[in-house]
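By letter and in written order, the chains are A, B, C, D and E; residue numbering begins at 1 in each of them.
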Amino acid sequence: MGAKTPRTARKGRTRAKKAGLPPGTLIYTGEKKVESVRITVIDYDQQHYDEKQIRSVEECASFIATPTVTWVNIDGLHDVGVIEKLGRAFDFHPLILEDILSTRQRPKFEDYEKDVFIVLKMLSYSDEQQSVEAEQVSLILRANVVISFQERVGDVFESVRDRLRNSRGRIRKLGADYLAYALLDAIVDSYFGILENVGDKIELLEDELVSDPEERTLQAIYRLKREMIFLRRSIWPLRELINGIQRSESDLIGESTGVYLRDVYDHTIQIIDTIESFRDVVGGMLDTYLSSISNRMNAVMKVLTIIATLFIPLTFVAGIYGMNFEHMPELKWRYGYAGVWAVMLVTAILMLVFFRRKKWL
Amino acid sequence: MGAKTPRTARKGRTRAKKAGLPPGTLIYTGEKKVESVRITVIDYDQQHYDEKQIRSVEECASFIATPTVTWVNIDGLHDVGVIEKLGRAFDFHPLILEDILSTRQRPKFEDYEKDVFIVLKMLSYSDEQQSVEAEQVSLILRANVVISFQERVGDVFESVRDRLRNSRGRIRKLGADYLAYALLDAIVDSYFGILENVGDKIELLEDELVSDPEERTLQAIYRLKREMIFLRRSIWPLRELINGIQRSESDLIGESTGVYLRDVYDHTIQIIDTIESFRDVVGGMLDTYLSSISNRMNAVMKVLTIIATLFIPLTFVAGIYGMNFEHMPELKWRYGYAGVWAVMLVTAILMLVFFRRKKWL
Amino acid sequence: MGAKTPRTARKGRTRAKKAGLPPGTLIYTGEKKVESVRITVIDYDQQHYDEKQIRSVEECASFIATPTVTWVNIDGLHDVGVIEKLGRAFDFHPLILEDILSTRQRPKFEDYEKDVFIVLKMLSYSDEQQSVEAEQVSLILRANVVISFQERVGDVFESVRDRLRNSRGRIRKLGADYLAYALLDAIVDSYFGILENVGDKIELLEDELVSDPEERTLQAIYRLKREMIFLRRSIWPLRELINGIQRSESDLIGESTGVYLRDVYDHTIQIIDTIESFRDVVGGMLDTYLSSISNRMNAVMKVLTIIATLFIPLTFVAGIYGMNFEHMPELKWRYGYAGVWAVMLVTAILMLVFFRRKKWL
Amino acid sequence: MGAKTPRTARKGRTRAKKAGLPPGTLIYTGEKKVESVRITVIDYDQQHYDEKQIRSVEECASFIATPTVTWVNIDGLHDVGVIEKLGRAFDFHPLILEDILSTRQRPKFEDYEKDVFIVLKMLSYSDEQQSVEAEQVSLILRANVVISFQERVGDVFESVRDRLRNSRGRIRKLGADYLAYALLDAIVDSYFGILENVGDKIELLEDELVSDPEERTLQAIYRLKREMIFLRRSIWPLRELINGIQRSESDLIGESTGVYLRDVYDHTIQIIDTIESFRDVVGGMLDTYLSSISNRMNAVMKVLTIIATLFIPLTFVAGIYGMNFEHMPELKWRYGYAGVWAVMLVTAILMLVFFRRKKWL
Amino acid sequence: MGAKTPRTARKGRTRAKKAGLPPGTLIYTGEKKVESVRITVIDYDQQHYDEKQIRSVEECASFIATPTVTWVNIDGLHDVGVIEKLGRAFDFHPLILEDILSTRQRPKFEDYEKDVFIVLKMLSYSDEQQSVEAEQVSLILRANVVISFQERVGDVFESVRDRLRNSRGRIRKLGADYLAYALLDAIVDSYFGILENVGDKIELLEDELVSDPEERTLQAIYRLKREMIFLRRSIWPLRELINGIQRSESDLIGESTGVYLRDVYDHTIQIIDTIESFRDVVGGMLDTYLSSISNRMNAVMKVLTIIATLFIPLTFVAGIYGMNFEHMPELKWRYGYAGVWAVMLVTAILMLVFFRRKKWL
């Protein structure tokens, strides 16, 4: 989702359609982003690793029955039928399914005893649209199983898959809760990249502001500001989310995972801190812009004033001797013309001295 | 109630009339919105469903005596006699009745042991007035009974009635607490539609701001801002309300309803979040407007300065040679006139170069 | 107290005089507002009702000895001797007396075991001064007795007296704690009327702002703003006050009074909410004023620019042919004059087209 | 300390010198404000009262040994040797001594079991500097002894001494904790006088703002604003301080003192409230100033525009008939000159009508 | 790290590179600031003191085995191999090592039972860059050992080393927790010096603002503002950090250290207070700057208006008598010319009187 208000508004729109339906009614509120739903299963323990793309929901069963850790990843949510079948197969609480399909969820954590349910936003920077896009990711953690739902193919989990495939780090030795943490961590870490992009934009804008602010700059500042509002809204609830997981007493989350969760928590705080700093900086940029406009207006006014103040009195003098009175003795004086020039020059010089003292020149 | 301040003030007015009366005195503080009070009873359990419009309060008794769930809905509050009779029939606490009739209540939840009492706002978007209207809805939940009070006919509960009639979802299988939840949920869900309307307005205004801001735009921004204040005030207390229900230890609310309440709570938070984002965006629009005025003023000033700075000196030169001195040798020169033109052209060109370097052209 | 800063400052002044005196030293810090202190006693139970104005403090004793509820109301605090005598007669804690006489107290609740002490502000709208006036009211609740202190004759308790006299509502059946609640409730309810007045003023100002904002409007906005600060300061602590009463475990406050206190609390929250909304609206009005000034300045600038830009070049052209060079061939041309007019007209039309495109016309 | 930023900065400076020294190292960070350290001992109980200025620290011992209450007051902190000797004599925790000498402490309360340690600011209004000055006061309360440290001679405790000497109020009957309270109360009460001064300044500035705002006014507003920041910083922590004393379970503070502490607490809240109100008012003054500048600029622009718009077109007309074309039929007309005047007058009148309708006249 | 946004952005950049790596992967995210890693060991108890620069990590072992307190200080973090070896030698939790190397950590405290881990920022003022630089310092406290990590050689711990070498104060008598406190204290104390520098800059800028504000001043204000954001972000989390240590129940921190921690906490609060005051002052400076621009623009406008208003009408009069009508009787009058001068003078005088009354002169 781009950081434009219309979209934010549309959020309401899609929700509005659902108003009044019984809770648990499954309607996909996002756009159809992939052709067909793709289900990938990764099954592993310390010894073996198995990765497979399956066609029907039923194929999962065999993997899940085993004591090994199973990660089922679903790309594409538009086919409500598939999701519903999944729901029945895994016996999810109806509200879980509803939340997965409502792609405008606020990041949250929910403990359904049998399942731990996490919804959050995966952000990516779209180069062609020059804005941050959000995709909803839902994670369900149950004993030995993690099920993840994404709106489309392509994610930030490739590094996790690499570690699984090559058995790097501890991941293959630990349980499903560590896998869930690893996915969470991958998403949070990807936010740093987004912030980097935003930071670069801010840097560019600041240079522009100092060198040559234009109306375009102002609009860029506002776009940035709205992007900030969007980012803040997507990331801020994460704090509460991770806090919730930490405080929850679910059996599904082992004690040893606590220290890792604290680490993700620290990263989240750091990201929020950075966003807040950015907000401060962007807020300051607007003031800079406004005062630079004032400064320019001031400069324009000075030029006008200098020219007008200099020439209006002189023009008046010229006007005087342009009058056609019959009795104007000065007109007949030998040095009248030269005298007028002298008067004008003295006036002009006095004016310039005045401007100099006023520091306008 | 529209989002205009006068109404907000009038709120005080109607309350003021009540000042000093003993608590529990029943005075309807709203406007008379329907001709006669309409009482509808819906009685159901998993097997049977009965919907009936009744004339006298006494008719309720037969429905309530049964172990089935009964929903009594009252449209119209202006007939204090009927409400009073209802109060006696159901033996409500006098403060409940008072709160039902004070249609400017802040959304709140009150646990009277025998009854759970909820007041909140049902919002609707009035197309002809181009503003959000509020109607107070009071819900009383007691064992097997839900009684709802509305200011006028027409509500957002039609979908709940549909589900009851057609036995869709779980609603017919569950108790009165689930019905109360369903009504609450229907109201909260309807807020999404309101936000959608507001979002559309914001979108329109933003386009106008960029393309062609006018005084009218400013007024629209202020109207939006005040609508925001109104919305915020109507919806914000909901958070606390639902929290209160969740924390309450009333026997009337079953444990299984907890998860649904959490769901409504999440929606409320999401709505509040959206309102806050809107507030930020609208706040930013005002700044945009002000700086676009500054920008325009700057543009106007530049045009004035360019024209004045260009022609005032030239006019001065022309003034010089319009003087009638007898001894002005230049006037007699063969190429005097052409020379003056040359001087003027050079001056003008220098000026234009100056403007170009100042980036005014 | 009016909402003017000087008064706020004077508050410090009167307090300052007391600095260093031992706590409990009785000095009346208000203005003398009545001629003589007036003591009224109302004594009642379900069967009998007695209302009497007494002259000496000693006369109270007979009423208080009885098990009936006694309400002693004192109007006028300037006669420290009388207050001191009262203090001795009732054996009040010295800090209670000091607080009663310091008429600039912040609303507060204090539990002295034997007594419950409440200080708050009774507000009234002074029509001649066009501002809100505050009067301090102190309430002391002890077993079967309520003693109230006011700065001057005239209050918002008339309706409570009516209910007592005519035995309307429950008041005659209940104890001293209910009476104290009724007085509190009467004061809080009277705030709605004050808010109504403020709301009306806001409405008037908003109309003025849209139709014809003047310097006077600005001053009215500031006066309103300061009135808001004053109101906020008088009412905000009430929230804490009532909360304190609710949480206190004083034996003097019966359990059945709890639900009524919660009702007053809700009203207080509603009043505070309204004040906050008003603050938002008034804050917005200032912005409207400032941007309407900017808009006007812009309009003024446009007129100046149009006139100057139109005529300065034309005047220059006229100046050219006002020169007295001997060799100016154009002057001799048959259609020179007409040609100049043509050039001027074309220039003017081009200018107007330019203005039209800039949307200045 | 004055409310100027440099001083605030210098605070850092003096602290900076201490950086790296072991905690408890005694360095006086203030300015030398008195010639020699002066130690005064007041020893009293209900029957006897003894006041004496002593020369050496050792002389204290005899007073402290007795069961009577002893108040040791030290004026002047620059002689670290004396303070160190005191520290050893009384066996203070090294951090207490360090805090006494660091005269830029934040007001705080510290419970060292044997001692209760309080640091706060005594404010005074310096007439010649037109600003608020702060002096650090440290109080140490232990069984039967209060030791107070001040930076220089002269304080707000004279009234407490008077009450002790003349045995007014309860003070002679009560213990050291009441004495400590009395000193605290005297300081807090003196703040009211400071606020009074600030209030007077605000009043004066407001009058100036309405009648004739100048650049000087703006600077006065900013000085006031900074004074506010300074006051706030000195007084705000007091709230927490007194709260801390109230919550502390030190044996040194008797139960009966609780009610008096609550009283000081209320005063503190009241002072903080007043400061916040002042901040709001001062903040509003800045806006008033800015909008009054805008208003004036607007007025100036209108005058310019009226004059220029009126005369520029007329000058153009005059310029037309100042041209020297040979063929200008109008010049020869009998009523040409009168006609031009007529045209000019009509133009001018139309202009004036236009200005009148624009409400510029 | 300087207080420039680009760097802040770059923070994201370096983090971004790590995204997806398993937690505990060691990558140094800072710049290489020293040639080689330098390890210094200080070993002491009350009797003996030993200070030694060691080459290999293994040499530490002998020091650590003894019951004396050992402080291992590492300067330079770029050599991941050395850090890894250290990690293995001391058996640190992998997340500790990761945090040490991520030099953009938010200050935090982490209790790993065996170890207490503290990360914070050491600030220094770079004279050539005119900005505050930050260096990350990590402290690990375990029984009898403190290990400190710095990005480069040179720190604020020299005074601590002095006290250790010369056995000044209590430091040699107390344990490793006191040493950790002493290091923390040295860092916090060094912030006072930074604040002093910032205070000096503010003072300078304020003088410039009053005497002669320029565009350069504005940029300096913004630089200061951003420095403030940077400082705030580095220091603010310290509050929470020290709070965390105080609340932690780690066995590694002795009870007697509590009072010292409270002292550091107080200093931190004081520093944060000062930063907040500075923010307020800097915020006010911006307003001063903007209103001084407005004031100047006003002055410029007045000069323009006076000159234009004075001479435009006079020039018009001159224009009138420069017309070439044949029938202009005034031109032939004896005192026509003198009369025009008289009219002009009177007009000018009236104008000047008008300006004087408007207070423009």
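The rule is short, and it goes like this: a residue touches a chain if its C-beta (ideal position, glycine included) is under 8 Å from a C-beta of that chain, and two chains touch if they have at least 3 such contacts.
Note that the coordinates shown come from a computational prediction; the quantities given were computed from them, not determined experimentally.
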Homomeric contact subunit B-subunit C: same or different residue positions, threshold half: different
Approximate Å spacing (C-alpha centroids) for the pair subunit A, subunit C: 42
Interchain centroid distance [CA atoms averaged], subunit A/subunit B, Å: 26
For subunit B, residues that touch 2 or more chains besides their own: 290, 294, 297, 301, 304, 308, 312, 315, 319, 322-324, 328
Graph class of chain-chain contacts, one of line, ring, star, complete, other: ring
Footprint of subunit C on subunit D - complex, ascending: 156, 158-160, 162-163, 168-171, 182, 185-186, 189-190, 192-196, 198-200, 202-203, 206, 210, 259-260, 262-263, 266, 269-270, 273-274, 277-278, 280-281, 284, 287-288, 290-291, 294-295, 297-298, 301-302, 304-305, 308-309, 312-313, 315-316, 319-320, 322-328, 358-360
Footprint of subunit D on subunit C - complex, ascending: 5-6, 8-13, 15-16, 18-25, 93, 95, 104-106, 108, 110, 112, 212, 215, 218-219, 222, 225-226, 229-230, 233, 286, 289-290, 293-294, 296-297, 299-301, 303-304, 307-308, 311-312, 314-315, 318-319, 321-324, 328, 330-337, 340
